[in-house]
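Across the two complexes that follow, subunit A remains constant while its partner is subunit B and subsequently subunit C.
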Partner chain A sequence: MSLEVLEFNNLTYDEPNSVTVVDRTVRNQIFANPNTYNGLSGGEVIPILINSGGEYVDGSRSTITIQAKINVLNNGNAAYFRFDKRGIESLNSGSTFLNLISQVQLESKDGQLIFRENYKNIMQTTREYTLNQEAKNQLAMCGGFAATVNDYPSYPVGQYVTFTLPLSLIAPFFNTASMIPCYLISGSVLRLQINNPSSSVLIYTNDNSTQITTGDLQITLDIQNLSLQLQESKLFDGIESILKNSAMNMNKGLSFPYYQNFNTLYTPTSSSFQFQVNVACSKASYIVIKFLDNDAIYGVLSPIGCASIFDLNGDQAVTDPNGLGFSIQCRLGQMVMPMFPVVSSVEAYKLTCDALNPISYSNTEDIDVMKDKNKLMSGCVPYNYYSYSQITPGDPDIITGANYRGTMFGFNLERSGGVNLGGLSTNASRVLTIEVNGLTGYAGYKLFASVKYLSIASIHENNVVISK
Partner chain B sequence: MSKEQSHKEFEENMALIDMNHLRYEACESLCASANTNFNQINFNPNAYANCVGGEQPSLLFNVGSSFTDGQKSMIQLTMTVNYTGTAQSATDAQYFAFGNNIQNANGTSYFNSGGSILNMISEVNHQSKSGELLYRELYKNQTRTTSRLYQIDKSRREYLGIMGGAQLNVKANTAIPQFPLYPVNVPITFEIPFMELADFFGTSQLIPPQLLSGSILRLTIAKPSSAVVLYTQSGKDLATTGTLNSFSFKNMVAYLRQSELYDSVNSLIIASSASLQTNGLQFCYNTSFNTVYNPASSSFNFDIQLSAAKISSLVLKFRPKANPADPVACANLSELSTISNTSDSNQLGFTMQVRLGNLVMPLYPIQTATEAYQQLCNTLNPISFSGGCDPDPLKTVNKLMPGCVGFTDYSQPYLSSDNPPVLAQGIGTGACLFGISFERSSAVNIGGLSSNNARILSVEVQNMTNAANFTCFASVTYLSICNITTDNVVVNK
Partner chain C sequence: MNELLEINNLMYDKPVDISAVANSTMNTYNFAPNSYENSTGSEIMQIQFNEGLDFVDGNNSYIRLKLRVNNVNPFFSFSQNLNYLNSINSGASVLNIIKSAELVSKDGNTYFKEELKNQLQCLREYKLNECRKNYLSMMGGIDQNSSYGVGIGYPTAAAASGAYPIFKTNTEITFIIPLQEISPFFSSCSLIHPKFLESAVLRLRLEQPEAAIRLLDVDINDTTVQPFTITISNMAVILSEKELYKEVEDKITQEIKLKGLNYAYYQSLNTIFDIPQQDYVNESFVFPISLSAAKIKYLAVKPVYKESLTTAQQPYLYPMSSIISWNDFSQFSPPSTDPNLANFSMRIRLGNKIYPENYQINQIPDFYNLTTYAMNNISFSSCDDIDVYKVKNKQAPCCVGGNLYNTSKNTTGGLIWAFNFERSQAISNSGLSTNQERLLSLEINNYNQVILNKNPISLIVSVQFMTVATLFENGEITVNK
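Now for the complex of A and B:
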């Protein structure tokens, strides 16, 4: 009888050995310097020096705490603010406090750019497809949608409100199972660029339900007590010295792999267009695009909500309630994905979910001998929130393709559904292109695209080199 | 290429094919169980009439030589809430539930209290055949009930409707969970999964008969008035007249999922149990040490007298001393402290820190509700790397996150339906716990710190204005190990 069979059947009755290599874990607070900013109106950059010393940082458990105050300078009726529309109208937009941050950037101690993501506020919607409902509800701590009240939380204007922002929302770099080695993180500078507050929050009167929609509100942001809460671990000396020796090895050093997003913007000028994404990387994982209303910047519409299929068709219903009304396809060099143009919302939804779902084998029916394959599926955007038909009693006109502001279009660039890091490469001679045909409502919308790709930080004793 | 090299290359290729799930071979069963079935064991006695609190039903685990799957085993019982009305139909009780479905005027609700039939069990203890206490958890109704909601997902919460827990009711078109109502003076049957009763039963390992057989599980019944909420005939108002006399239980029975292993497997395990070299079998599980403290002032320190080698977490819960609106709901932040409506909506209203010997956790005092919530979720989350963005070559690291309590359910600024609405801050739904993790690594477990007389675990709270009105329940989860030999069981912690 093999002892392995006992193990497989969970029939080994031994005292478990602790395999932790961590000697001590503390949660440390590091204040930004300066940590108070008044009258921010967008464009300002807040630097935070990550002074973590010789400890390893667990990014997925670390947070930023910010006390923020929204001031409305030219309207005395402004009483409350939300990060998105009241009620469920924009429940899948993904709005949070990050609406107020347009760009994030991390620079290593020796000046290497570890990641830089533009349009951070806009591309938050991708999170709606990668999290489950439980994780989404937890993000109410940074102003996200609250399911049990079916609304975005509202906060008083002119009062400081504390928000805790998990570092994992800032960038995938901070959301890995591997702790970030001190050689990489210590001395690095995180820079957050503030977005225009007028296009980041929506303002309500003192009945908390009437939105002020004049569109010319002068809104500023004050920040105080800005601090990082880092979950820091000190490793046992033996382990630490092995890692240190490896870092000092000039041939290889330590390698820290992580994902980063390349986000870009395109303004369509005709109903059929091709749009090239100028990123060069060796392992692209997916590309996802969303359309945002040109008027979203005036503080009247959802600040980051995706346009619906109805909107994109120029406010026209399509004959097939599950039709797209236009076609979309992705090209990479000489390859098109999929091999056929996507012309239905059901196909677009399926492709987007497949591209963004980080869990493999969710809801499979494998003969799963070890019961370790079948998993649960992620995602907070059900199909009927992605595109639904709105029928008004007595009105013969049906609105098709309505949404809750989470309609994105994604294409998977991984070669395998079972293992990762099989993504395709893109460069100047193998360009990633989005092809759209027949988009009637193109004039009113901007297109934002995000490519997720693998980066590797090679860490040596004196410097860090990022390859992608 | 030599034969050895060729063989090595073949093995590597096959491993790669395996990783990509491209191995097309008939599956081999690795099951070590020859036979599995549900068995029924009655409590003895299996009926208890007119319980007023303090009664102790007991269950002798007469499991023979079978291994027991604690996760799939359960207790079934039929309970009657004995109530006498006053013939005032408008205010007398017609129904009961394990929680309060009525929202307060200031927005406080209780649907995340975690109330269920566990409300009526105030203590659980389990003694092995040789007399060793496997675990003893006091204040069971107050501790496990609420914290459980941070560890399970919404589907599991709905499943726990078999215990009378709050659920979404599609028929009633409710957006928030509601406690189901049951008629008073009518026998109602409930199921309690054993794993909800104690972590001992929540392991993936089958419990060996050498440990479970002959052991006795004792449940202590809580006071009826502290376990249920009574409703009038409308089902929407609380009953204000009549008397809740007692509970009656009947048909108390345990359904155990038991497996007979193949003889060869069984003999290997028995040989290990009898071996002096291997120190017998070792069965590991988590236990909770639960205690209470009554603060006398707004700033207080209290020590938790626990000696354990591997502490995993500490969770605190505050309950009103007088007239609680719900049997097990936590106090809101707005109740614990004075939270001005013209100040930070996400403030805590007080500061909190935990000390273990010369170590303080975190290194700064917790001052905000958002930070307290984040720490609590990290503490109670049993899944590593949930919501991760790892490059994850084999797609095995990234997982989904559990937890049925969103941040606005923990604490939120609430606006009443008046016009203009009235703002109240620090309002919750009965789930406002405070937690600290002692695990050193978020990747692997059993790295918890130790506590003893020379290294005392203490909680430090400053400026909790209304602390004197509340009782603080503290629950420390730690590792226990049962050493099982042929003659006896010894529990280490």
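Now for the complex of A and C:
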């Protein structure tokens, strides 16, 4: 009888060993300098110098705390604000406090760009396909949809409100199992660009239910007490020494792999178009696109909610309620994915979920001897919210393709379903293209695309090199 | 030391591409024929897979079809149309229309053959989590939020909020069915070797439309209907195919030459027993299940109204729903005041063994606990282990809450009684064997029912067991269970 068999069956009955290499863990507060801003109207950049010292940073447990005040300058009836529409009609938009941040950027101390993501606010919807309902509920702490009350939380206008944003929302760089080495994070600068508050929040009167939609609201944002809370760990000296030696080794160095997103915007000018995504990377994981109503920027509609299929096909109640009314396909150089144009919303939904699901073997029924393969699935956008039919009793006509603002179109670029990092490469001679045909309602919408790809920060004695 | 660094995620190495897949494609293969007009049920739809396939990723493959319900009533759904809890855990979906599924190899070996596929969709409800249930709403099913009636109303009418999605009749509607839902054969981490599928035939038998679909009038109310037909068109399988690197494929070919290639998967034996219509006072039944298998995983029993197997158009008959009240199965006279008492007892025999050993199950919470335990395929769900490496403590699946399993003796359409045969709680593939000399049987005792001829009950029984398909060098395939 080998010990291994006992171990598989959890029958070893040994005192558990501690395998931690962390000597101590602290939570440090680092204030932005300056940490107070008044009258922000969008476009301003807030820098935060990350002076984390010689500790390793656990990004997934670190946060940004911010006190924010929304001011409405030209409407005395404004009493409350939300980050999205009252009620459930935008429950899958992914809106949070991050609506107020349009771009995030991290620069190493020697000036290397570790990541930069445009349209951070808009592409929050992607998150809805990657997390589970419990994690979505947690994000109510930063203004996200609160499932318990089926509404977005409302906050008073003209008063400071404290929000806590997990750093993992800022970028996948901060959302890794590996702690971020001090050589990479210390001295770096995180820059947050503020989005126009008028297109980030929706304003309600003092009954907290009537939205103010008339007139151009002049909305500004005040910020105070902006700070980072970093979860920092000091490693045992022996471990620290090994890692430091690796960093000093010119041939090896330390490599910190992480994902980042290339987000871009395209304005369709005809119902059929090809949109080339100009990103060069060696391992692209997926591409996902969404359409946003042009009116959203005026603070009337959901600030970041996706257009519905009904909107996109020109308000046609298409005969097939699970039909798109247009077709969509992805190309990479000479390859086409899938081999056929996607013309139904059920297929678009399945491909999107499969592309964005970060869990392998979700709900498989494998023999799974060690019970370590079958896993549970992520995703908070039911198909019934992605595209559904509105039926009025007594009226045989239906509206097809309505949504709850989470309708995206994704394509997986990973070769393998089992392991990651099998993503395809894209460059100027192997262009990633989205091909859309018959999008009748193109005129009222903008297309936002996001490509997730692998980046590696190579840390050497004197410098950091970012490759992708 | 490197091991310690790895455990603590402090390796800081460039990640290595370990994918064995050179190229990935999604290809369409049409059923032949790919249209079935005015079906009244029992038609067999089939597809023979081509030669020249790549390795198939069953998890990401699916069936695409267009369904048209032919009737003068304007709407239909796959289950209840109102905001009631009667059917939310039935698992009803477009899979309602498929009564049985079978896959046969080119040389005639049956990989799997599962009857009552549609009726046993409720088993899924105990295996998946909320996110997956929501995902599968693309098959025309209900999502978790709507099930509780606090979420979304698809129609604008308040009366219909929280219901199953409603579709128009006389209209072609596109649906997809993940191949995973057809059989666990397609729900494996392992890619399926092309030789297993080349020239194999997948057959799907259609259900009677009036048993699978609930018709609704213009006010979205139930309606009494005569038998009607459905039309299925554009039916195709979309296979996610993976071309492996040549070296990897050569290695697999070498393995086949040496010892053959084994592909292990689960399949189910599904059968049905009718309870004879008469008055019962403390009666006992034994239902023998004729199965010969080396490793059985679980046995699940679903009580249904016999009438629902042929029609789902009565007020209390929802497609694919179990009985809606525990008391409809068995009831003391006078009725018990204990809402958690089952009014009957049950246990399983396997040869000379009895489960549970020294008592009979007659408490509903006991039934629920054993059922969720048997159906759960995640080890150590919600345990509080010391878990040094943080790999043991996991989350539990199951979308049938305890309160929905028994709401004052009412059910939510997904009532099953299940028993586990895995010996180990930690690892799988430890199930027991059954054969003619070691017969598996279901025993019901203290059965009471005094209402003669009202809602006769049938028991649908499903036994899941392991199967191994072996591919040999000469292309021969054997299937062992």
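Everything that follows uses one rule, which is that the second predicted complex is superposed on the first by the 467 of 468 C-alpha atoms of A that agree within 3 Å, B and C clash if a C-alpha of one lies under 4 Å from a C-alpha of the other, contacts with A are read in each partner's own complex, and residues count from 1 in each chain.
Rule of thumb we're sticking to: a contact is a pair of C-beta atoms (placed from the backbone, for glycine too) under 8 Å apart; a residue touches a chain by one contact, two chains touch by 3 or more.
Predicted model, so just to flag it, every value in this text is computed and none were measured.
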Partner chain(s) touched by A:Leu73 [first = subunit B, second = subunit C, both, neither] | neither
Go through the superposed model and pick first if A:Ala443 touches only subunit B, second if only subunit C, both, or neither.
-> neither
With the two complexes superposed on chain A, say which partner A:Pro172 touches: subunit B (first), subunit C (second), both, or neither.
-> first
Classify the contacts of A:Pro156 with the two partner chains as first (subunit B alone), second (subunit C alone), both, or neither.
-> first
For A:Ala146, is the partner it touches subunit B (first), subunit C (second), both, or none of the two (neither)?
-> first
First (subunit B), second (subunit C), both or neither: which does A:Cys380 touch?
-> second
First (subunit B), second (subunit C), both or neither touched by A:Leu113 | neither
Could you say whether A:Gly418 touches subunit B, subunit C, both of them, or neither, answering first, second, both or neither?
-> both
Taking the superposition as given, does A:Val45 touch the first partner, subunit B, the second, subunit C, both, or neither?
-> neither
Touching both subunit B and subunit C, residues of subunit A = 8-10, 16-22, 132-133, 147, 150, 176-178, 257, 360-361, 367, 369-370, 373, 375-376, 378, 416, 418-419, 421, 454
Within the complex, which stretch of subunit B touches subunit A?
-> 19-21, 27-33, 67, 111, 153-154, 175-176, 203-206, 208, 261, 264-265, 268-269, 272-273, 278, 281-284, 310, 342-347, 359, 361-364, 368-371, 373-375, 377-378, 384-395, 397-410, 412-413, 415, 419-421, 423, 429, 439-444, 446-447, 481, 484
Within the complex, subunit A is touched by subunit C residues 1, 4-5, 7-28, 57, 59-60, 62, 64, 66, 74-75, 127-132, 134-138, 142-146, 150-152, 154-157, 159-160, 165-168, 171-176, 178, 180, 184, 187-191, 218-220, 238, 240, 242, 264-266, 377-379, 386, 388-389, 391-392, 395, 397, 424, 426-429, 466
Within their complex, state which residues of subunit A touch subunit C.
-> 8-10, 16-22, 56, 88, 132-133, 147, 150, 176-179, 181, 235, 239, 242-243, 246, 254-257, 283, 319-323, 337-340, 344-347, 349-350, 353-354, 360-386, 388-396, 398, 404, 414-419, 421-422, 454, 456, 458-459
Footprint of subunit B on subunit A - complex, ascending = 1, 5-6, 8-29, 58, 60-61, 63, 65, 67, 79-80, 130-142, 146-150, 153-156, 159-164, 166, 168, 172, 175-178, 206-208, 229, 231, 233, 257-259, 358-361, 367, 369-370, 373, 375-376, 378, 416, 418-421, 454
